[in-house]
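Next up: some structures, all given as structure tokens.
Look for chain A in each of the two complexes below; its partner is chain B in the first and chain C in the second.
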Partner chain A sequence: MKQLWGMGKNNWKGDRGAYWLVLPYIIFFCAFVAYPLIFSLVLVFNRWNIVTPMEWVGGKNFIRLTGDPLFYKSLINTVIFLCIHIPLQILVALGFSLLLHKRIPGRGFFRAVYFLPVVVSGVAVTILWQQLYSYDYGVLNAILRALSLPAVPWLIDPGVAMPSIAIMATWKNVGIYIVLFLVGLQNIPPELYEAASIDGAKPSQQFLSITLPMLNPTMLVVVVLSTIGGFSLFIEPYVLTGGGPMQSTLSGMLYIYNQAFYFGHMGYAAMLGFVYALIILAVVLLQRKFIEREAVA
Partner chain B sequence: MRTALRYIVLVIGAVIFAYPFLWMIAGSLKPEMEISDLGLWSDNFSLHSFVLVFTKIPIVRAFINSIIVSLSATTSVVVFGSMVGYALARLRFRGNKLIYMLILFTMMIPFQIVLIPQYILMVKLGWTDTYLSLITPTMMSAFSIVLFRQFFMEVPQAIVDAARIDGCNELTILFRVIWPLSRPVIITVAVLTFMTSWNEVLWPLMVVRERSLMTMPQMVALFTIGGEAETQLGSLLAAATLLSLPIIIAYSFFQRYFIESMASTGLKG
Partner chain C sequence: MFYNIGLFRAAGVDSVPRTYSEYLSTARVVTRDIDGDGQTDVWMGERDIRPIWWQRLFDFFPFYLAASHGSSLYVNGEVALQSEVAEKVFAFFQECYGQKYYPRTFFQGADPFLLGKKATNFAGPWEVAHIHKFAPQLQFGVAPLPVPDDHQGPVHTYGDYKNIAIFSNTKYPREAWEFVKFLTLPEHDLLLLTICDQIPIRGDLLTNPLFKEYFANNPSMVKFAEETPYTRSIDAVADLKEILDAISQEYERCAVYGQITPAEAVKDAIDRMRLITEWNK
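Let's turn to the complex of A and B:
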């Protein structure tokens, strides 16, 4: 029958209609992926404010970047953010997912509540936390004072501001990672635990030698997604601190935005974007290698 | 005992994640003097802060803009994305593999590298300060295509063959035969796209300066930093409440799909 209708795999002539179906994507790819990629390679060698003609400056944008203290500052800020955000995220997400893994009543409710900040706009969350973090009138300092602890200058102190943003970002995103860890936990075959308990392994030993190693793929996803998120940090410092105090919350994306739209340095902003993209790819590749090797060891 | 402890921790967690939102909504209704109180109740609730927001910024217009942009993006991603996903999953043509590779490649590129050139493209096309600049760059999503492709590969070949024998063309097969079988993936992609589009703020800040075209998060963000809110904490909280309520309402109805769609992004890593 298949042969008769010319639909057997062997005499397949190909579907002409297929090209019409993928055509929209090809147009989209050319306009919004290929063209920008190629154009970015032109842009990084030019000085341009969009209004006046482009001026070829060769490697000057790159030389400028290597000596730009604000570029390094934004990079260090991102590293500070990630060093707090990722461990905190894993700890909190893993903790709650272990509590929610058992089929207990109200499980769906708790999962839904923890997920709530994920769906809400980052702008709304930032406005909310601006009030919570306020030094004199903020809720967090009110709680600290009630416990007769010293108030924390959450957004005022250059040393504290970026960690404050990292805590806020963790609060906003941890719901995703709770769900990812729950999926990961579900995929661990229960036989492993049964075998371990027969061998007399304590729950803590089971956690270290079964749960953690089996969660390695999830761990990799969590680390990679948080890293990409951390490098994309923009709206939180934009609304909360404007990059201050003393540039301590200037994120990479905020710096690119400022260079492009406050100073009109399109070429230099493109160079920053280019270098940041390479850094992200390198970091993610390293994490992949490192965490996958951990799994083998 | 252990169950009790488990519940205590879970409840503390729920308070930490939900209480700030309740406090935000309460704060938007409280008089200015009482906002910094921890409690949720006040005897002096009023809509004063909301009135202030509505008189100071064209928030209704921004809401309509956001709806237009998000719905257009969602429709486009679902329709075109499923077309490409279907072709890649079920049709054999030259370049099939190549296009799939391009899609995977697109997913790998950090957006930082294409952001400025994309903006310049909008300037060159003269699309800044139009809906086109807000909608076109999000009309397709590589990740959604991958999700569609994966789902469509599971559809039994017999169903597709039967439709072909009936003389259906590919579009009819996709929209009349495959779509009704694919509700989970369609809803997942739609929810994910709508939410991402609704909450997007960096791109609108880049391409729209005209107030009447601003999306809701953009307008609220500029309201916050631009000093229009002056020192009115209540109006800030009211603006934040207006911005989050539509998504919170949608979330309360489609909660499962929101969570599943975000869980599917785990595949990206």
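Let's turn to the complex of A and C:
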């Protein structure tokens, strides 16, 4: 055991320099991960508005959560967002990565262009899309009207607002997933395609029988990252809709933010945060199990 | 209420609307598609429709104060929202959106009042300097907020008070009081007016010779000075933001999208206000 962990008396002395090297990260971890985590766990059982002293409320925050219709609404909204966003993200990212994997002119340029929205500020992108989505003066509806098509209430119809945000979020983040799929595609041995071609497999059969199964690990990463990213949905509804129309875009993170920083309910916000973290963990574990089972099958 | 004189004249409107009915009948002629492309070019009004708590300080809450003679939302820690009055305000805005006198559009980065795209705007005295700076050619007037047709008496309005408090446990109450008196000397209130175009809450604004020159040079500010005795702040209650957020969501459902009646919306708002108050006790 001593040998395994390198924690023998002599080794400890010998490796002291290494511990100094990891010390900055340990300090960072304690200050920005461990301490906030423990502090928010304490908050769960307290009422605190930052200004006045904390007040112990026991399980009251949890009782409130179980009877809070806006918590359930925000959870449903987040699930709706994920159901639209993840498949759309995969389809668009996979489609573009398949195109960019081919030797087409200007491939490097397109790779950079598709990644550009990822590095642009989320608020700036959202304000840009606000101009596109505006019902009366938006660019998209101007185009539709010019084509004699009815204008779409992108952000002012409760049934359309969340899909509109999902489209925007896909546009913003697709660059990351294109890169991931490209890496996955480049790791597929070309011999597999050669063998399949010799056996007479059509391109569609090659895609279904080689490309997709071989991309399974990448797919898992994309699904997990999209899920975590989807649960973190905040800037888009915060700037675009404020959670409206009629709470249809009130995401979990926006609701937590409102509770913490608008209403000063730090304890309740911490409770919401913990519950969301557990939900994310459960969903990601389920996804992992499902995708790994598919891969084995 | 600021109004665009040019847009009123262009629509053949000579008088400023004082009541809901007058406002809506003015809206009927002012809201227009000027170039005939099927798109409205001039709206009677426009508000940020996002259900954000502080946005209601620019529509629902001032209109509620105006219609209720400056009543509070809470009295002695209990919900005191007057259902009948709140329903009238919700119904008024429901009509504005339902008849398309107001767009369900969010204008980002541009003030539609300055651009001449909306005829009326609900804002504070800071708007005067804003107009002079960014749209000096704009001809505008200032009037009290519209009220229900059967309203009697003065029209109250909302003011974003910046109150001064002396803590009861301060070691220097006398010195603090002297400092407050110093801050609110007429000469210093004149500085507040001239530098910030903000109205100090004092009774002699229009009678004290010290302020005479300022109001002579800034006639648009006279209306705001006249409103001083009828200006009310928001209730100083805990959980105010959460309460306004709840009102905001009911306002959105009822007034902006017409999904529920004003009576249902006000009932829901009061229920939620009571629940919030109870939860946070």
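To be clear about the criterion, the second predicted complex is superposed on the first by the 284 of 297 C-alpha atoms of A that agree within 3 Å, B and C clash if a C-alpha of one lies under 4 Å from a C-alpha of the other, contacts with A are read in each partner's own complex, and residues count from 1 in each chain.
Note that in this section a residue touches a chain if its C-beta (ideal position, glycine included) is under 8 Å from a C-beta of that chain, and two chains touch if they have at least 3 such contacts.
Here the structure is a predicted model, which means the values were calculated and not measured.
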>> Between chain B and chain C, which one contacts more residues of chain A in the superposed model?
In response: B
> Is A:R145 contacted by the first partner chain B, the second partner chain C, both or neither?
Replying inline: second
> So, does A:L155 touch the first partner chain B, the second partner chain C, both, or neither?
Replying inline: second
> After superposition on the shared chain, which partner residues are touched by A:F263: those of chain B (first), chain C (second), both, or neither?
Replying inline: second
>> Applying the document's definition of touch, where does A:M246 land relative to chain B and chain C: first, second, both, or neither?
In response: second
>> Under the stated touch criterion, which partner chain does A:Q131 make contact with: chain B (first), chain C (second), both, or neither?
In response: both
> Now for A:L116: first (chain B), second (chain C), both, or neither, which partner does it touch?
Replying inline: first
> Taking the two structures together, which residues of chain A meet both chain B and chain C?
Replying inline: 127, 130-131, 134, 137, 242
> In the complex formed with chain A, which residues of chain B make contact?
Replying inline: 3, 6-7, 9-10, 13-14, 16-18, 20-21, 23-24, 27, 35-36, 38, 80, 83-84, 86-88, 91-94, 96, 99, 102-103, 106, 108-121, 123, 136-137, 139-140, 145, 161, 164-165, 169-171, 174, 195, 198-199, 201-202, 205-206, 216-217, 220-221, 224-225, 233, 236-237, 239-241, 243-244, 247-248, 250-251, 255, 258-259, 262-263, 265-266, 268-269
>> Looking at the complex, which residues from chain A come into contact with chain C?
In response: 64, 127, 130-131, 134-137, 145, 153, 155-156, 158, 241-247, 258, 262-265
> Which residues, counting only chain A, touch chain B once they are in their complex?
Replying inline: 2, 5, 7, 12, 14-22, 24-26, 28-29, 31-33, 35-37, 39-40, 43, 50, 96, 99-100, 102, 104, 106, 109-124, 126-132, 134, 137-139, 142-143, 171, 175-176, 179-180, 183, 218, 220-222, 224-225, 228, 231-232, 234-235, 238-239, 242, 252-253, 256-257, 260-261, 266, 269-270, 272-274, 276-277, 280-281
>> Quick check on the complex: what are the chain C residues that touch chain A?
In response: 38-40, 49-53, 103-109, 239, 241-242, 245, 249, 252-253, 256-257, 259, 279-280
